[in-house]
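Labels run A, B, C and D following the written order; every chain starts at residue 1.
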């Protein structure tokens, strides 16, 4: 392992902070296109941090990983989403089930919880990125929260993808990435999943004339 | 031993004959006493004999619907009552047949007779017959356990359910006050009244079908059948009287077998029966017949008293 | 070699059917591929029995006594399901519920689903396990939404989102696992290999492992259908085509539980505490009780049996949670018999619903008159799943309950209550469906119910006599699980 | 086992015979609809097998226990089977009664009633075989498999006329309670095999009964095992308040099946309870006996009180079965109490009463159920209110069921009286107990038993009188016909058993000796043998004695003598005419007591026991209607609240599944957070 330069550590911490910030921004975002932009930004930050870690530690496969992230999350998925929005004429507003200040408050509590949770583990880590594990976990939980509070299909999916980002970030920050074969598999799954989702959007719209998931509440016990 | 057994069997027969002969007499005696107590002119003492004889002479009038059970029942009932009077020690406690049935079996015999008379009552299919049967069974299911409890009390005292042993134990103990026996005695009296269709539960001389119990069941009987049933009824009264006497006034029933003992036992029995008949007539005169729905309460009380007798025995007397 | 076939045949089948799936013979092709997979699995099983555990391809794959029987079971149920689906899907097609294109999708995805299941079972790499599970979700999402009705889309959407999110948690757990393993095994590919992890599990960091196990349990537990992560399950079971319900209940849940148990083995080794056991028992218990109570209000027959699957997964989870040779043995046995029985039930239900033209319980009546075989199949299947001897489900429930009485007496009142309620609900609904009068005409030809009765006979045999090699196998696996 | 190959043991014979039953059942599937083949060939063969089983088992009474291990079952737990005196006795009951009922069924099966005869044949023989296996099982697994198989096969038999929703409901209730009871038994075995000594079991589970006998659980666990067994076996036996299935299932089933269930299946529950409480549990506490005694008393009273007010003849008998089960539990309770105080001879007396009553009840209840079957076939009517006067049309059935009725009412000299007598005798010995309260309780209990027996007489008079006596209440009863030859043979066999068991108690008790020796270590054999074969004196002649044969002979002799004397001295003239109408000529068959009317006194006396719904006409009703429905309080006090609670539970659970994906995600989220929080804490 290279002698870790403190600069790299600080850069990564900075990127982590930005990631978290972006997560919060997504949580509070009301417009759908901005949401996609924020998601793209998050992908970019992820890509950057992966590249930095790769450079700092000399783990060459992380470059590949960064490349995949760039391709998939910064370019391909936002493009697909944009196209979908246009093709489906989705309304630009994002409706939430809980109002945004409350969501933010819950989010803050979650962040504190995640930090607290990650603290003992971070101390065990020997990586230069160890303090970012808590942030990764917070990002996952915030994305989860976002999925809960959004009532439309597209934002929910963005939340899902954002969660994936958090996971990727955790993988790079905690362990310098997973084995290559696993990463490839994960990427493939995400891609296929996205394609399927795209097909789904069309079908749901065809059936319900809207992408509001409140239409999807017919199957229940009574 | 063999001579003893032969004497025993002879005695057993004597008991049976005595029962068969004395039973109608007892009925007649009670009727006479009652008439006297009620300021009526008394029927002759021998009237029951004459009635039975008259009925035997008469032809049997059967309802068209009567089944063979109806015709067999009088014989079965009569046989049951005869067996009962064989078992109850009246003249001696050393009876060979006594081992055949103990107190519980005795209750069983009465129940058997009751079931048959009730079934016979239902057989023809008139409304009164089944009404009587139902009422008889109602009386029976309350009286039977009460009677059993009375026997249990005495069995607990004597540590045996064999009637002969009970009578021996009770008759030969040193004189002591058994409060349990007092309770049991009252219960037994009440049960006897009900079981023998006497006032206050039933009225043996009624002619109003709606109030009948025993009479309602045998409305369809006539001729020799009726004679047997009447005779069986008086046998039952006799048997109950003897049981009461044996349990609560056992003095005078000898253990051994012999002419001399018989000479004591026979007068003693006659005297006790005569007194018992007077008391029965007195009770019947002093009380009024109850509505049929009061009968369960009456018998329930008897049942409770009998259970109390057992409890009293366990509480006060056990371990002495 | 056999191993390659086991994975290769379904993959190839998926590709072939992607091209030919719309033809009339597709169903037969599907069945042939499934049969070949089953044969390969059988040969592989034979080899494992003879030679002991094996590893393939640089230890990327391995077969031990735990997963080999699941491989065989998966291949077998896949095969019988393909037989069942042949006439079933054809009739659906004739009724106009499916176009040829959809049939192609169905056949292709069926084989792909089998592939992902077998991959998940045989891989040694915890990461690949995750990938395979996710892929299984994707294929089944397509299968569940096959009819493209409003309800099936809704069910598929819920399935996708809930399981997607769930399985994302599992990925986080896997990352944490890797994080812990890396310290011991170094930063190479082998750090995610289960065999290696198992060898060093005592040295793994307990704090990380406990965290990882929670994420893994929540993640894979969602796919198992553990309450309160179960909400997708009844919808997906009810709205997909019946063969899919059969494989979801019979196979997917098993595989997900398999993943949970693999993780539990590691967690137990690392934690030196009974945290994993407690969590699994808690989830198991909750699933059993909640599912049992949910049963009685169901109006849809497939939904009903979906809940029943939750209940049984709860029982198995509880058994593995208790641990020990007997409970693990019982858990494995229960996995086998539940898989066989539940798929048999779904086959029978499929025919029943198809004949009656509805899945609503109240509208299905007098099956025994319409078709005695379907009626008896459904009735016997239901009795078997309710734990009536001499069926095998009883054998495992017997062991689980008596062990619970010994080890976890607190749980038995709940189990007693839940089993009673479940019995009352399911039997109360199935009995009038099977018995009684109906206006529907008797079928001219009895439907081919070979798969139903083949499964039931197997379950019956397992209740009365477990073949010695199978018993050995269970025992070794039970020891492995610990 | 080597010798077993050389000379087959009794248990091997039994197994072979049980296998014969199974094969006969399977043979029925060959030609399901061929009535002649199934009914006239297979069922009589089954009866022969039953007789053989009874014979072999009878020979095995008192012999050394034999065991055999079958290569079936779970790994490490093959089916263990064992034949000892207890199982042999119940096998005798099974075989003997099955012989009668199979013969009856051979004549009873008709075309076109519910399930095909061949399938019924299979279910029936599986039912028989599973009962035999329950009695032979020597490990928990084999026992449970046989036990549930018994429930299942009988369920199918009960619902053989499944087109009737009432019958389906009855079957459902039956199987549900049976299943819940079975889980109770299973848990009881779980406690028994583990004991409280975890170390001794060494993590390995051993479910054989032999292992359980070696466990000595402490008081708490022993009580748990006992309580669970009481619950489980009580549910099967029909112990109040778990009895509700019984009066539903028995009437629903075809009559031979009702007979089998009531006569033998309920006894298997008694067998199981005896097995667990006296054989497997090596720790026994005296107060269990008191609990069982109280439960039994209540059951007996409850059963008989309801029995007397029923208007359906099979329900009447079903409630009467509840009563008899109650009496059996009373006896078991007494035996447990005595045993708890180490008064083994008295325990043996009470147990003898229990076992004897098992035999008796099996004989007379099957006889009565078969009689109802014959009536049902002849009249298509189960309701007492529409029967009557059948003694003229069906004399065979009537007279044979009179035997059953008298036995059931506990009247001497038939068999019912003997066991009742023994039971009352054991009460009389109770005051020796070293515990004051129990001593006070016993007289009350004895009184209740006496009351029960007396009301049973009431119910039986009602049963017989309303069905067979009086005038036919419906026109079409005139077309009734007597039972066929096979049915008659069966009923004669069972009636003969009633008489034989009543007349030769000494012989029977000598055989029961082996069983009580096994369970409490002592028996009455020596005592009764010393009195000679005629005199039944269980303890000593001075304490109590009973000679049923003398009893019978005296009654017969007196009766015959009276008859002859009356004929000799008087005449035999008879005139047939109409019945006495009190001068009111409008008497009709409708004016006889109805079954409701016959039950009226009891409804009056025991009104708090019943839940009655009356419909009474007012004074000006144009079409007056009177009806009364008598129901069970327990249904409203226990079962409906439980059902309501379960329903509330389901509503709460349904609330979880609302259809909103956000809520579902929230569940996952909260679960995750809670778990993370927990492991941090």
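Operating definition for what follows: a residue touches a chain if its C-beta (ideal position, glycine included) is under 8 Å from a C-beta of that chain, and two chains touch if they have at least 3 such contacts.
These figures come from a predicted structure and were not determined experimentally.
Counting steps between touching chains, the shortest path from chain A to chain B takes 2.
Looking at chain B and chain D, no chain is in contact with each of them. If you compare A-D with C-D, the chain pair joined by more contacting C-beta pairs is C-D. Among the remaining chains, B is positioned farthest from chain C, on the basis of C-alpha centroids.
For the pair chain B and chain C, the distance between C-alpha centroids works out to 78 Å.
Here the spacing of chain A and chain D, counted between their Cα centres, is 69 Å. One simple way to say how far apart two chains are is to compare their mean CA positions; for chain C and chain D this gives 43 Å.
Inter-chain spacing, taken between the CA centroids of chain A and chain C, is 31 Å.
The set of chain A residues touching two or more other chains comprises 117, 144, 147, 156, 213, 216-219, 221-222. Counting partner chains per residue, chain D has residues 653-654, 656-657, 661, 665, 668, 672, 676 touching two or more of them.
Each of residues 157-158, 161, 165, 211, 234, 294, 297 in chain C touches at least two other chains.
Across the assembly, chains come into contact as A-C, A-D, B-D, C-D. On the chain D side of its complex with chain A, the touching residues are 653-654, 656-662, 665-666, 668-669, 672-673, 676-677, 680. The residues of chain D lying in touch with chain C in their complex are 71-76, 140-141, 144-145, 147-149, 152, 159, 162-163, 165, 168, 171-172, 175-176, 179-180, 183-184, 186-187, 189-191, 193-194, 198, 201, 203-205, 207, 224, 646-647, 649-654, 656-657, 661, 664-665, 667-668, 670-672, 675-676, 679. Those residues of chain B that touch chain D in the shared complex are 56-57, 59-65, 67-69, 75-76, 78-80, 82-83, 86, 97, 99-102, 104-105, 108-109, 111-112, 114-115, 118-119, 122-131, 133-135, 137-138, 140-142, 144-145, 148-149, 152, 155-156, 159-162, 165, 209, 219-220, 223-224, 228, 293, 296, 303, 306-307, 310-311, 314-315, 318.
Residue ranges on chain C touching chain A, taken from their complex, read 125, 127-128, 130-131, 134-135, 138, 141-142, 145, 148-151, 153-158, 160-161, 164-165, 168, 171-172, 174-176, 178-179, 182-183, 187-189, 191-192, 205, 207-208, 211, 234-235, 238-239, 294, 297-298. The touching residues of chain C, counted against chain D in their complex, run 157-158, 161-162, 165-166, 169, 210-211, 214-215, 217-218, 222, 227-229, 231-232, 234, 275, 279, 290, 293-297, 324-326, 368, 383, 386-390, 394-395, 398-399, 401-406, 409, 412, 416, 419-421, 423-424, 427-428, 431-432, 435-437, 463-466, 468, 471, 474-475.
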